[in-house]
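What follows is a pair of complexes built around subunit A, which joins subunit B in one and subunit C in the other.
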Partner chain A sequence: MTALLASRGRSGLRDATRAEWTKFRTVRGWRVALALAAGLLVLFSYLQAHGKHTGYCTTPSPTSCVGGHPYVPDGAGGGAVADAYELASRSLAGDGTITARITSFSGRIWAGPSNEAPSLAHTRPGLAAWSKAGLMVTSSTRQGAAYAAVMATGAHGVRFQYDYTHDAPGLAGAVSPVAARWLRLTRTGDTITGYDSSDGTTWHRIGSARLVGLPSTVRVGLFTTSPNTYGGQATRATAAFDHIALRPSGDGPSAGAAATWRATSTGIGPRDFYTALGRGGERRHGETILVTGSGDIALAVADAGPDTASDSLLFGLVVAMIVLIVVAAMFATSEYRRGLILTTLAATPRRGRVLAAKAVVIGACGFAVGAVASAVAVPFAEHVMRANGNYIYPAGPLTVMRVIAGCGLLVALSAVAVLGLGTILRRSPVAILAGVVVFILPAFTGPGVLGGPGGGGSAVRWLYTVTPAAGFSVLGLLPRSPLVSFPYTMGNGYYPLPPWAGLLVLCAYVGTALAAAMMVLRRRDA
Partner chain B sequence: MSAALAAEWTKLRTLGETWWLAAGVIAVALAASAAMLATTHISPGAPGGGSDPTKLALTGLDLAQAVVAVIAVVAVTEEYATGMIRVSLAAIPRREAVLGAKALTVAGLTVAAALPAVAGCLVVGRLLLPGAGIGPGHCYPLLSIAHGATLRAAVGAVMYLALIALLSLGVGAIVRDTATATGVVLALLYLPPLLALLIADPWRRHVEQIAPMTAGLAVEATRHLGSLPDAPWAGLGILGVWGVGALVAGGVVLRVRDA
Partner chain C sequence: MSDTTIEVDGLYKRFGHTLALDGVSFTVAAGTVTGFVGPNGAGKSTTMRIILGLDSADRGTALVGGRPYAGLTHPMRQVGSLLDAAALQPSRSGRNHLLWIARSQRLPASRVDEVAALVGLGGAARRKAGGYSLGMRQRLGIAAAMLGDPPVLIMDEPFNGMDPEGIIWMRAFLRELAAEGRAVLVSSHLLSELPGVADHVVVIGRGRVLADGPLPDLITGGESLEDVYLRLTASAVEYRSSAEPETGR
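After this line comes the complex of A and B, so read on.
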């Protein structure tokens, strides 16, 4: 009996859905509108992508300008990385251990105007929080190579890091002559292990890394790098290393400060994207080697350029949403106009089911329009943007599919919400007004609209966190890293919520609208 | 003509939605301005000192204009939806007169709602701007209607809303369907500024110069007039061209087409 009821319940919804689908597809204007929405999404994505050009100049004279973007290396983990540092290294065949003590770590911070290229002419003393100096094992000094390193930092104590994203904390506190830091790195096969010590006798293991496919001969040495501060000023750091010992396992001779260490500056050429302060270098004072460097060894965040595969979608998406909102409002209210609602409710007396069927139909149409159009628009726009010389953050196929599905859901959810509003209000203009204001308007109260720096910052974050505009978070593709001190704000292209959290916020609104519509439809005379 | 006006006024004031929407214009304007200013904090050291207190206080109108647009669209499209238009045209066979009377009544209602809305926004601005870091303590004068540019902005803002009403009425007369006309007007208002955010100069500037919203809102500016897409009154004039153009087009269509 229960099973029979359940099956009738399902077939009831199926019949109601078929009825609603028939009503929907037999209105020529709505079919045209759906096609129009999809076409406009693709068209505007193309136009937006077409308007983006990147070129850059190596010197102020315009003749040295070329199309294209600076070089952004791909890291060992597959993402875009910054890999700029100064290294004094020797080659190490097979296993071995390197030990050194850092006795001082200091730096300079660019203090000139932010629109000027940083130079050493205008600086103040200081370190960035993530300035790094320490020992490194790397497969090569090519950018993006696999590595593991143990290091002292500006404000995060001693760390063991490898392959740009992995990090483990060691001793806390800053380096000073009275609080020198001993560091040690050991290679055993593919495994690199990092140790620290405050006195050179008791050693503490921080962590280890398996670098699969590490060649048998690697570069091992002392490195220094210093990233931009949170405020975006370039920095440069100098570290003093002593008690240096590179000891191959077995019975090879140990190399100290007096040995030949090859100096390499990586990632600070004119074609590299990371802004460095001055040039790096090495100096020797007896048993001490001073290494000076600027740059970063970490994930590249939006500072590599703001473009992602989803960047050209926003405007077309908003246009498609407006079209679907209009169609959804008409779908909900036109039955009242024509009195068809009486027939509909006579045929399907369970009113909740009518509304559910309508939501299924308009939701499916919205999803199809959003997903199909963005599936065309994303690769197309990406191709156009690349042809214009733009750098686009690498995004895997799964991520791209997430954006495409997210666009479909965004269009579907906004249409379903307006369907609910239209059912409650029975009037299309007010439902459309509410839909456009609630769903679309926040999309362009962006940083540019709400005034200059500092202006509207919290308002924008608030809009994209608690209003239905949070759904636009599905477009977010820029990488974040806790190892990079950077303002991850709307102004720099970061949505405050992760994609699915934003979509859930939108779902909550849609659910509320639909539930209210359900209640009103049940209680009210048609 | 006075008979046509009386008829239109009766229709407009007896439409259930009209008064709710008119109240909505004022409520939305005040609420949006207050919310905007309450969440804005200009840090004293922000470069340029570039905030425009009057324009910030009137931000709520960016939203309230959508309500004005709906009032105007509904005023004409509802007649088609209910079939009332045939009665109206039978009673007054001079179709331009019908549309003209509609334009006058809707514009009149809009001005009546816009006056308290604009005045209220300025009061909200006077109260909240100092807290947002734009007040006498930060080298900005307190918002006052005695300030010539602010007075111009306030008068211009009221005219702006009236012109938006005319534009919407014209679109409504051309499109005839409520939902479609609402969608078209809102798209016409809000999409060009969004487009302008995404494209580069010189196209950005051209879009801002000719789009109804960005051009018309130039009249709200009191500072940095040189960086506006259009001069204040010229911008309002461009919106006027849009409004009158839409109305004339609507009139022509109404005249030549079967109702």
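After this line comes the complex of A and C, so read on.
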């Protein structure tokens, strides 16, 4: 019996939905508006992309500038990475172990104006929180190569890290002559294991990594690198290594400080994107090797200066949303303007069903417009931006599909909400105004109005967290990394909420509007 | 009671300070055309809207075939209605207007063409409804009411805006519906429209039923229809020019 009633309820909704769809598609103006919304989304995406050009200068004086973007390597994990460091290395055939002690770790931080290329002319002493010095096993010194490393850091103690994103903590505390850190890396087949020790006798295993497809001969050595601070100043660090021993497994001879270590500077050339402070290098003092380096080995966040596939979508998307808001308001209020609501409710006396059917129809239309248009606009705009020399942050097919579906949902949800407002208010100008104020305006009072890039901080965060503008979070494409100290702000292209959480905030508003409309429609005389 | 009835029992409805319905009760039987007559503002439309579940009554019940309208699954297969012929989306064609209603009642599109032909809409069905004359709108409204081939029909002022030819057609059409055994409720503010159409008349004024019976029974002596009407509604009209005769005082 219950099942019978439920199926009757569903088929009732189906009949009402078919009726509302017939109503919608038989008004030519509404069909034209849908096509217009999709066309405008694609057009504005193209214009946005077309207006974006990138060039960069490789030498300050004489100036030598070229179109295009600096090189951003793809890391072993599949994302864009920073891979800039100084390495003193030897080749290791087969398995083996490298051990060394770090007795000091210090550095310099650029203290000049932020609009000037950093140099060693104006610096103050200090390390970045994620300055790194330690032992590394890598397939090659090519940028983006697979690696595993155990290291001392500026403020995060000893860490074992591999392939840019993986991290495990070892001994806490900073390195100093009285708190020297012993580090060890062991290669066994594809597995690299990291250890640390405070005395060279008692060793703790921190973690291990399987680097699939690691060649039998690898580079093994001592590295130093030092990233930009949270405030964006370039840094450089120097670490002192002693008790150096590289032992191949089996009966090969052990190599110490006196052996030949090849010095390699990776990722700090003029065409590399990461801003380094000065040049790296190695010096020897007896049994000690000093390695100086600048850069980072981590995920590239927005500091790669990227555009994303969704950057050019925003304006066109908002325009499409406004068009659908107008259509949704008219879809609701035309019933009242002409008195058609009498026929509608006589045909479907279950009023909730009428509203649900209208919501399904306008929601489906909105989703189709947003998703289809952005599915065209994203690859198109990406192509145009690439041709203009811009770097597009790599995004996997699932991520791109999320953005496309997100565009569809943004258009659909705002249209459904305004359908509710139109049902409550019964007059389209008022409903359209309310819809634009609630669902569009917060997005336009974003970073541009409330403060410059990075500015407006808490107000912008608040807007994109608790207002319907939170829904735009589905467009967010830039990765965050706990291993990179960086202001992940709206100004730098980061939405405060994760994509689906932002969409849920928008859903709460839409649900409220729809529930209120349902209540009013049920209680009111037609 | 059979499926083919309308039973209105003790309806009260207040709009603000105005008592629109003050205990309205009547029955429409199968196979009859019942005229629902009264001056403007008497409560005819409100009663019809309550029967159709569009307005809620403060008290009383209105049943169609023994059930409240709002509980019917495909209500337009039970009750055809015409309330406001002008209630059309002007840019939608008459045929598409009928089509969405057909979809809501799960009726085939072929039924749309049948009813369009039935009311003589013909080729005009494919034109935008915004360009229709009032008479054509009435025919479209009748077509919509007939879509579900319903045993019960409710029509508010169907003669409005019809030319003489249309009025003759409408009378014959209503008679035919009753002859087929349907229950038909037709409102009018002109009693003179009803002879030859209505078997039965319910006269309403100021929200009360003033007379309820076969039309011939209401005409006493040598009164004209207008005299009968004025006599019945005299006390129920809110304002009438003093120049007019105040019959019945």
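Please note the rule applied: the second predicted complex is superposed on the first by the 517 of 526 C-alpha atoms of A that agree within 3 Å, B and C clash if a C-alpha of one lies under 4 Å from a C-alpha of the other, contacts with A are read in each partner's own complex, and residues count from 1 in each chain.
Rule of thumb we're sticking to: a residue touches a chain if its C-beta (ideal position, glycine included) is under 8 Å from a C-beta of that chain, and two chains touch if they have at least 3 such contacts.
Being a predicted model, the structure only gives us computed values, none of them experimental.
In the three-chain model built by superposing on subunit A, subunit B fits alongside subunit C with no clash. Across the overlaid pair of complexes, the angle with its corner at the CA centre of subunit A and arms to subunit B and subunit C is 50°, in steps of 10.
Look at A:157: by the touch rule set out above, it reaches neither subunit B nor subunit C.
Of the two partner chains placed by the overlay, only subunit C lies in contact with A:342; subunit B stays clear of it. When the two complexes are overlaid on their common chain A, residue A:314 makes contact with subunit B while staying clear of subunit C.
Contacts of A:70 after superposition on the shared chain: neither subunit B nor subunit C is touched. With both complexes placed on chain A, subunit A has more residues touched by B than by the other of subunit B and subunit C. When the shared chain is aligned, no partner comes close enough to touch A:281: not subunit B, not subunit C. Superposition on chain A leaves subunit B and subunit C with their closest Cα atoms 12 Å from each other. Overlaid on A, the two complexes show subunit B and subunit C touching the same residues of subunit A, namely 29.
Remark: subunit A residues 29, 47-48, 51-53, 314-315, 318-319, 322-323, 325-326, 329-330, 333, 337, 427-430, 432-433, 436-437, 440-441, 443-444, 446, 448-459, 462 touch subunit B in the complex.
Subunit B contributes residues 17, 21, 35-36, 39-43, 46-48, 50-51, 56, 63, 66-67, 70, 73-74, 77, 81, 177-180, 182-183, 186-187, 190-191, 193-195, 197-200, 203 to its touches with subunit A in the complex. Interface residues of subunit C, counted against subunit A in their complex, comprise 49, 52-56, 69-76, 81, 83-84, 86-93, 96-97, 99-101, 103-106, 144.
Across the complex, subunit C is touched by residues 8, 11-12, 15-16, 18-23, 26-29, 334, 338-340, 342-343, 345-350, 525-526 of subunit A.
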